[in-house]
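Paired with subunit B in one complex and with subunit C in the other, subunit A is shared by the two complexes that follow.
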Partner chain A sequence: MVFILGNNFLENRLLKHCLETFYGIGTKHSTRILAKFSVFPGARVGQLPTKTINDITAELSTMTIETDLRRKMRDNIQRLRDMGSYRGRRHAMGLPVRGQRTRSQILTARKLNRIDRAN
Partner chain B sequence: MRKRIVLSNTNALEVQGLRELDAGLGETNGEEVIGQVVGLMGSTVDSLRAVEAFKTAQGWGLFRRPGLLVREESVALSRKLIMSEEGEMLRLVIDGERGTGKSLILLHAMATAFVRGWVVLNIPEAQEVTNAMNDYAPLPGTTPTLFSQPTYTANWLSQINKANTTLLQDMELSLTHNLPIPLQSNISLSRLCELGARDPDVAWPVFQAFWAELMAKGRPPVLLALDGLNNVMRESMYRAPDTSFVHAHDLAIVNHFVGYLSGERKLGNGGAVIAATNRSHAPKSKSLDLVLTQLEERQLGEEEITEKDPFEKGYDGRVEWALGVKDVLKLKGLSKKEARGLMEYWAKSGVLRKRVDEEEVAEKWALAGNGVVGEIERGALRMRI
Partner chain C sequence: MFPTRALLARSVWKGPNIVPLPIQRVAPGQKVPPIMTQARSATILPNFVGLVFQVHNGKNYVDVEITEDMVGHKLGEFSPTRKPFSYKQSKNK
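And then the complex of A and B:
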């Protein structure tokens, strides 16, 4: 098991996939991190030297990801709500925010649009 | 399994009276055996196998023992190789349509080099160097930054050692090296390679030390070979720290090869740098195609040389610099005489169960696009209905 930013990963997993399990890291950022530390895309976490793992953990801890990113998003929604804007109200009511029609198919909006949005 | 090479077929017949590709054949350049198949000696086969000169798609598994067709082009090439032992090093690109035998001419060159006591360094698939399947690391103190590939280099060193072991065992260190590992002063070059192969972290510095030793006075000539030139004449799939793609010439191994191919550096004790292109699943390179066309036109003495398309953006100056070679060996189909010799060998091996006469040879030769050897093989041996 390899420990990256408080999470355990199996040794045979690709580093790129491990990075992409963090909320806020997708293809773009994982590619950038791999390039920054000269790790080839097929590298598995078990093969990497401890120094690289530590460097990557340090890099991740400077980024706004996981809880920080979730909090930032919630703050943004809360700000809209506090201003009393239309978008804030729509979030609070769990309805589509960007002018979609509401006659049918608003399941995604019901699921996601809330003041204390989780992800 | 994907890379398994079968070099013998016990069901095939033993061909009687097969000439060996030995030093004696090299002396006369093999002119008397043009159009005949020659057998490879056991030691050469072992060495060639170690440098991965045999490819899976080639038909080695059909015959009792590995053999090579001697073509006019291969004779001309061995003559050049022998000349390069004394004089100027040979820099050559082998080009030709798909199935014309580029890799086999390269193999012929390597076999000749082995029997003549050269040290052979082969990059069997350039694609494996550039497609980002091995680890890499920036080399400190290089501008522009070069990238070494520790695992690949370690593996390469062990291949070099295995292929040339009889030669390298007799050579002792003659220079002093500043390496990250402690080194005895009287070890053989074979041992030096072993040390590099054992530890990927020191593989590149060890390779440089090994190369410096090979370039020292009194060492044998060296053959540097590479198959799949197209793959190194473009950007690799590795990324630099700023996420841009690393040009293949900035990979230390390729940089080393290209330095000699371009003529920027010279081989100390004579020898040759040979690269073969790949025409079946290779990436396109505008500059490579342009330079090869120009070289070929110059060789044929044509008056009009193809020029750069002024509206094309895809040219790469580094590729044009790297291909500062004088020679290009443009392979075409076999002559009818060579095709006949090859088919007679197949018949003697019991693989081709037909009478080999003029009509049969002419038919297969014509159907194979005027003697493209890969197509003759496909038509005669593989597609039996």
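And then the complex of A and C:
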């Protein structure tokens, strides 16, 4: 069981896959992190030396991920709402923001558009 | 208002959409009267901060007090043009 930034991962999992479980890291950022520390993409978490794990944890703590990212997104939408702008109002009502039709096809907007968005 | 037009941002080399608005410079201490305008597509510039505009929404003029956050946006974003949708079932049977 290896700790990366507070989360525990089984030793036979791919490192790339473990990195992508963090909110804010996808394929692009995980590839860059692996390249920065010269880790080959098929590496399992248990195969890496402790120093590499510590370096990766340090790198992750400098990036905007997880709670920081969520807070940043919420602040952006809250700022629009506080100004009283059109976009803020649409987020608050759960309607499409970018000028789509509202007669039909608004299921995604109703599900996702809110002040504290998950994605 | 056209949200896509606001989002498909204006090219940077063109500069902001500056509209000649009657902004008065009064002596500090005196109140500035609200500026009535129909130019909803005017970009908000940093020297507008603190002023009160009355922006047309097709029918009447809506008061908008400009704060520092609003600087890159247009005046029309703060003056809604449509009444919010509310469904009332009619009583006729």
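One rule holds in what follows: the second predicted complex is superposed on the first by the 118 of 119 C-alpha atoms of A that agree within 3 Å, B and C clash if a C-alpha of one lies under 4 Å from a C-alpha of the other, contacts with A are read in each partner's own complex, and residues count from 1 in each chain.
Definition applied: a residue touches a chain if its C-beta (ideal position, glycine included) is under 8 Å from a C-beta of that chain, and two chains touch if they have at least 3 such contacts.
All values reported here derive from a predicted model rather than from experimental measurement.
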* To do: Identify whether subunit B and subunit C fit side by side or clash on subunit A in the overlaid structures.
  => fit
* Asked: Could you give the angle made at the Cα centre of subunit A by the lines to the Cα centres of subunit B and subunit C, to the nearest 10°?
  -> 130
* To do: Could you say whether A:Val97 touches subunit B, subunit C, both of them, or neither, answering first, second, both or neither?
  => second
* Name the contact category of A:Leu112: first (subunit B only), second (subunit C only), both, or neither. => neither
* **First (subunit B), second (subunit C), both or neither touched by A:Lys36** => first
* Pick one for A:Ala58: touches subunit B only (first), subunit C only (second), both, or neither. => neither
* Asked: Which of the two partners, first being subunit B and second being subunit C, lies in contact with A:Leu10: first, second, both, or neither?
  -> neither
* To do: Name the contact category of A:Tyr86: first (subunit B only), second (subunit C only), both, or neither.
  => second
* **Nearest Cα pair across subunit B and subunit C, whole Å** => 30
* **subunit B to subunit A touching residues, read off their complex** => 132-138, 147, 237-243
* Can you name the residues of subunit A that touch subunit C in the complex? -> 79, 82-87, 89-90, 93, 97-99
* Please name which positions on subunit A make contact with subunit B in the complex. => 31-32, 34-43, 47
* Structure fact -> Seen from subunit C, its contact residues with subunit A in the complex are 1-4, 6-7, 64, 67, 69-70, 73, 77-78, 80, 84
